[in-house]
Amino acid sequence: MRPNGRTPAQVRPVTITRNYTLHAEGSVLVEFGNTKVLCTASVEESVPRFLKGQGKGWITAEYGMLPRATHTRNQREAAKGKQGGRTLEISRLIARALRAAVDLKALGENTITIDCDVIQADGGTRTASITGGFVALADAINYLINKGALKVNPIKHMIAAVSVGIVDGKALCDLEYVEDSAADTDMNVVMTECGKMIEVQGTAEEAPFSHEELLEMLALAKAGIDDLVAAQKAALAE
Amino acid sequence: MRPNGRTPAQVRPVTITRNYTLHAEGSVLVEFGNTKVLCTASVEESVPRFLKGQGKGWITAEYGMLPRATHTRNQREAAKGKQGGRTLEISRLIARALRAAVDLKALGENTITIDCDVIQADGGTRTASITGGFVALADAINYLINKGALKVNPIKHMIAAVSVGIVDGKALCDLEYVEDSAADTDMNVVMTECGKMIEVQGTAEEAPFSHEELLEMLALAKAGIDDLVAAQKAALAE
Amino acid sequence: MRPNGRTPAQVRPVTITRNYTLHAEGSVLVEFGNTKVLCTASVEESVPRFLKGQGKGWITAEYGMLPRATHTRNQREAAKGKQGGRTLEISRLIARALRAAVDLKALGENTITIDCDVIQADGGTRTASITGGFVALADAINYLINKGALKVNPIKHMIAAVSVGIVDGKALCDLEYVEDSAADTDMNVVMTECGKMIEVQGTAEEAPFSHEELLEMLALAKAGIDDLVAAQKAALAE
Amino acid sequence: MRPNGRTPAQVRPVTITRNYTLHAEGSVLVEFGNTKVLCTASVEESVPRFLKGQGKGWITAEYGMLPRATHTRNQREAAKGKQGGRTLEISRLIARALRAAVDLKALGENTITIDCDVIQADGGTRTASITGGFVALADAINYLINKGALKVNPIKHMIAAVSVGIVDGKALCDLEYVEDSAADTDMNVVMTECGKMIEVQGTAEEAPFSHEELLEMLALAKAGIDDLVAAQKAALAE
Amino acid sequence: MRPNGRTPAQVRPVTITRNYTLHAEGSVLVEFGNTKVLCTASVEESVPRFLKGQGKGWITAEYGMLPRATHTRNQREAAKGKQGGRTLEISRLIARALRAAVDLKALGENTITIDCDVIQADGGTRTASITGGFVALADAINYLINKGALKVNPIKHMIAAVSVGIVDGKALCDLEYVEDSAADTDMNVVMTECGKMIEVQGTAEEAPFSHEELLEMLALAKAGIDDLVAAQKAALAE
Amino acid sequence: MRPNGRTPAQVRPVTITRNYTLHAEGSVLVEFGNTKVLCTASVEESVPRFLKGQGKGWITAEYGMLPRATHTRNQREAAKGKQGGRTLEISRLIARALRAAVDLKALGENTITIDCDVIQADGGTRTASITGGFVALADAINYLINKGALKVNPIKHMIAAVSVGIVDGKALCDLEYVEDSAADTDMNVVMTECGKMIEVQGTAEEAPFSHEELLEMLALAKAGIDDLVAAQKAALAE
């Protein structure tokens, strides 16, 4: 039995609140159960130096965790004077995933920065960040369309992300913290709304996993992502 | 006329939400109008090295601003690799103010860290941090009392903070961003519930201020702090 | 009785030595008793990027303490790889105070940097820095006038700074180290030569202070600053 | 046709030179075609603080690239003052993969650090690092066994890693640089000698990939890893 | 008796392998006995800002040591976040020495960066770096000549470097590690092929040295450098 | 003709002021003409970790330059977040030179830190630092003797340092800034009072130097150091 009686394939209750803060062009609070991430999208009508003059845009992302988003307090990275490897790895993953959703040519010479700050952590913060970050990105693009800076919507397809894993020999979807820390294998999957893969990152934490287990996890991920895309669509339809 | 029709002495609507997140021993979302700060209090049952073996406790604080809490995005301090002067100055102010509320001897060899993270900024983030941080601190102390680690409540008096300023020659209480950026003088005041002063920091941004203006600002601050302490008491009574 | 038999209102012997070093456009050794700070003013005929093309100038400041300016050696900040919060806070205070003395429009597109390096510390290093820094600034402006880069003197009014505090229930002016470390309240005040306030920063170190105590400290500060401005005038007249 | 006429499933010529340098307990130069990585294993007979007293060991890894291992010179990370996200991400991957090969309990309170420094880069530096790093690790463990510090060999299974990708719609094994930069999808796979998975990291660089493409890439990876494990065994048998 | 039966004046076997790696314009593995340093020269057809528009070029150098080039592992400087004093001192020495070999005017607005990375250390890494770095520099200059970017060879004279020292009261040339750590005095000498001095850096590690000892060391250095220049010439003739 | 009519062998007027500041165990202002360096010696009755329990002491040094000690302002290293290579190189030189003057065994488990801060620079700041630093060190050792912490004076011999160089083909002693910037060769020499060498660092800035020029420079250095040791003795005799 999973905590809260979820079935193995069932994602946690998902809430996507748009316009959560005032200033950002896109601002979304995404909740996967007790995991809460604030995703803001900031538009800058220019591109980084390495893209100057190529007529295409850029999407980047930064991930952070408030010091007490977790069970015990983590030292603030700004105070330590550097971002840890985990933070940079997740920032790079979010950015790659969101860039894969957009035709950068069609974005024109604009940069959109997605900031994902974890308010409360209970497993799956990176997948929540990607899922909520996509909605914030969509809002920022709408902002550019509404003000006439873009004629065509550069989004190629919706994307969402979910974690899956093997716990006690059983594949589960959308691991919460107690499951995640007991998992033999942990996998994060980013897919398009039609089920094609953007990122697959599977790690054997405790025991190597078999081909069959991989397939089982991918099937759960596909189903979970279908639910998450539905939640994104509902939020964007409001 | 002030935005939203406030009188010069009137503070913005104040909301203090306790237990805003799950993990921290104290967790408060404080709102002064559109300014929103998440204040968490984390308890560690030990003290920093410089206090070891003296039988007294410590209270410290860190302030941060999410990159898009403001009108335009600020570079993330963790990515820059250092905290700016403004951040450190405010962190030190919050810590000093909260330490002044507590008998460190009576706190025993415990450390409480108050993290104040600005979710949305509209002026007065440091005064909201102190006001909300005090409630988070009170909850963390209650946690220590409830688990039997403290016999006596070490809080000496409640404290709260408000900004006051001179705008167009007129003294105003609890400046919001548009007022703050037009102010000739800007002053932050921390007081105890009985109106004694903990910190007074007045700065002539545009024009030096007179003794009379100082007195006028202090009177407004006292009234504003009375309102804020009332809000703190109501929140703590829930 | 104060050390050296000073009356409560009396500042320490003040010495202001201009042209203390060779290379800087303004170079002042300021001594408040045993506190000795070297203040240099460096002129650059350009402005920082954020002011480019606005036809106005800039004044900035940096504060530092030699490792053995104090009773025990402090680790060198350059070796630690970052400036501490206290250093940045004082640098910001000095810069704000000196900017308030100058009409930045009238300064034209010039930048003046005031470096305040504490050679020997005995309390009041920040107020000595502001008081001596003003004289170095005045010399740097004279340099610009003499070489024809400025037609009009952009100084609006002289400024000086002094610390005041409550020690053993008694208000004292210009605290030296032994007084400062015993003070219940410590306040730094920057004023113009005509007694208007530029900065007031009062901190309850041990006990909150009352309105009456604040007024008493401000009166002492005003008298002390009168003496300091007289010393500045005498130095500038040489 | 691939460069050098390789078949899609064919890995580049692999060379594994043990005892490449004098001082390290394990020292391996691994070459995948023109990619050359020096992997050293350093033994320390103690564990990091977080493991003290638990009777188990630790394996960690650091990855670096010499400034001119690549077509154009990269700024030295030591000179920049920080390791980039890519460097940290690869270091973490290597460490996780090698830890998965070892029973940390059986390793006792010893730490082995694997340094992987890229002398020359032509694609696949992280997979070469893992493959060569495993051999260096095995030698370091032999060193501990030979000196009597370990009674039982703590290696659970051999591991190796290879990259696979989709280039021009075709799945290829062990991408070299020109293939890697033209790939639509790029995947790194770490497996045990018996084909169970340790890590799977697939990224859609240009176009999302289908379930079928994933399976095709995994099949190529399995075959490639068989060849790499054979090369490891041959090297270790010398 | 010296290790390996060398005479006091005898340098270790020297090997200079050109074109050691693929990408750099000059790439040399230099070996002084067991000391092995990879020296690469990277050409950039521009100059640093401080030289812009002066029609002359620049030569710079960076030195690094792989973490396990030494008997015990050194922490990676990129991970520490700063280069140590020894590293910076050696980088500056190499750069100064190589600049002294070249007419920077005749180099035109080109920059050549010499990276010297120690693969294995056994004493004399800085002198090996200079000796091998000169050959890499010569190859990079040949590259510029061959592509027509330079008409005239800007090299003024060949240079090489050797260490000498006083061990047990006896002057020795080209100290290896066991000698170096027992030396009373250690001196590094850089000379031109005709025996004029570029750098002389002598340090009394254990005991001050006399004028006579200095002369004796210089004589050994001159002889050693003759041998090294011969090895450079042989390598460049291949 | 040299500036101020000095003969080639003549050092600038040297002033050594002991007890220049209050708090340090040794505090010396050393002036070589217009070069002014404050050297303080700080005693700590313990040793760094790597020397614990060996019954010997340690001497270390740090060098810094005030931002406006020079013709144009240098950025403060504390603000840059790191010490430059030149700073670290000079710090290491001063420390090595002063350690060579002392029997560390006889110093017992004490650490003396020499801080050399350049107030005004006009060439020769490192040699002034060593010469003045030695006097500060001697005073700190006297402090330890006077308080009974040392029975025997651990100083083995006095040391001093001077720069020499070749300017317009002529050897000169104690170069001031205008000479130094025109020098073909620049050499810093540290010697004991009896003329044995501690450090010799000669650099061909513009042209290689011959054996004869080296000898000529060493002879000038010896004479200059005789004068400096006389000045040290006179100062210590006061």
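Letters are used for the chains, namely A, B, C, D, E and F, taken in the order the chains are written, and counting of residues starts over at 1 for each.
Heads up, the rule we're going with is that a residue touches a chain if its C-beta (ideal position, glycine included) is under 8 Å from a C-beta of that chain, and two chains touch if they have at least 3 such contacts.
Since we're looking at a predicted model, the values are computed, not measured.
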Lowest number of touching-chain links that must be crossed from chain C to chain E: 2
Listed chain pair A-B, A-D or D-E that repeats interface B-C [over half of contact pairs the same by residue number]: A-D
CA centroid of chain B to CA centroid of chain E, Å: 59
Centre-of-Cα separation between chain F and chain C, whole angstrom: 33
Approximate Å spacing (C-alpha centroids) for the pair chain E, chain F: 28
Distance from chain C to chain A - Cα centre to Cα centre, in angstrom: 50
For chain C, residues contacting two or more additional chains: 81-82
Sequence of chains encountered when the ring is traversed from chain A in the direction of chain D: A, D, E, F, C, B
Touching residues on chain F, where the partner in the complex is chain E: 82, 84-86, 88-89, 91-92, 96, 100, 157, 187, 191-192, 195-204, 208-211, 214, 218
List of chain E residues in touch with chain D within their complex: 21-24, 27, 34, 36, 38, 40, 42, 44, 62, 64, 66-73, 76-83, 87, 113, 115, 117, 119-122
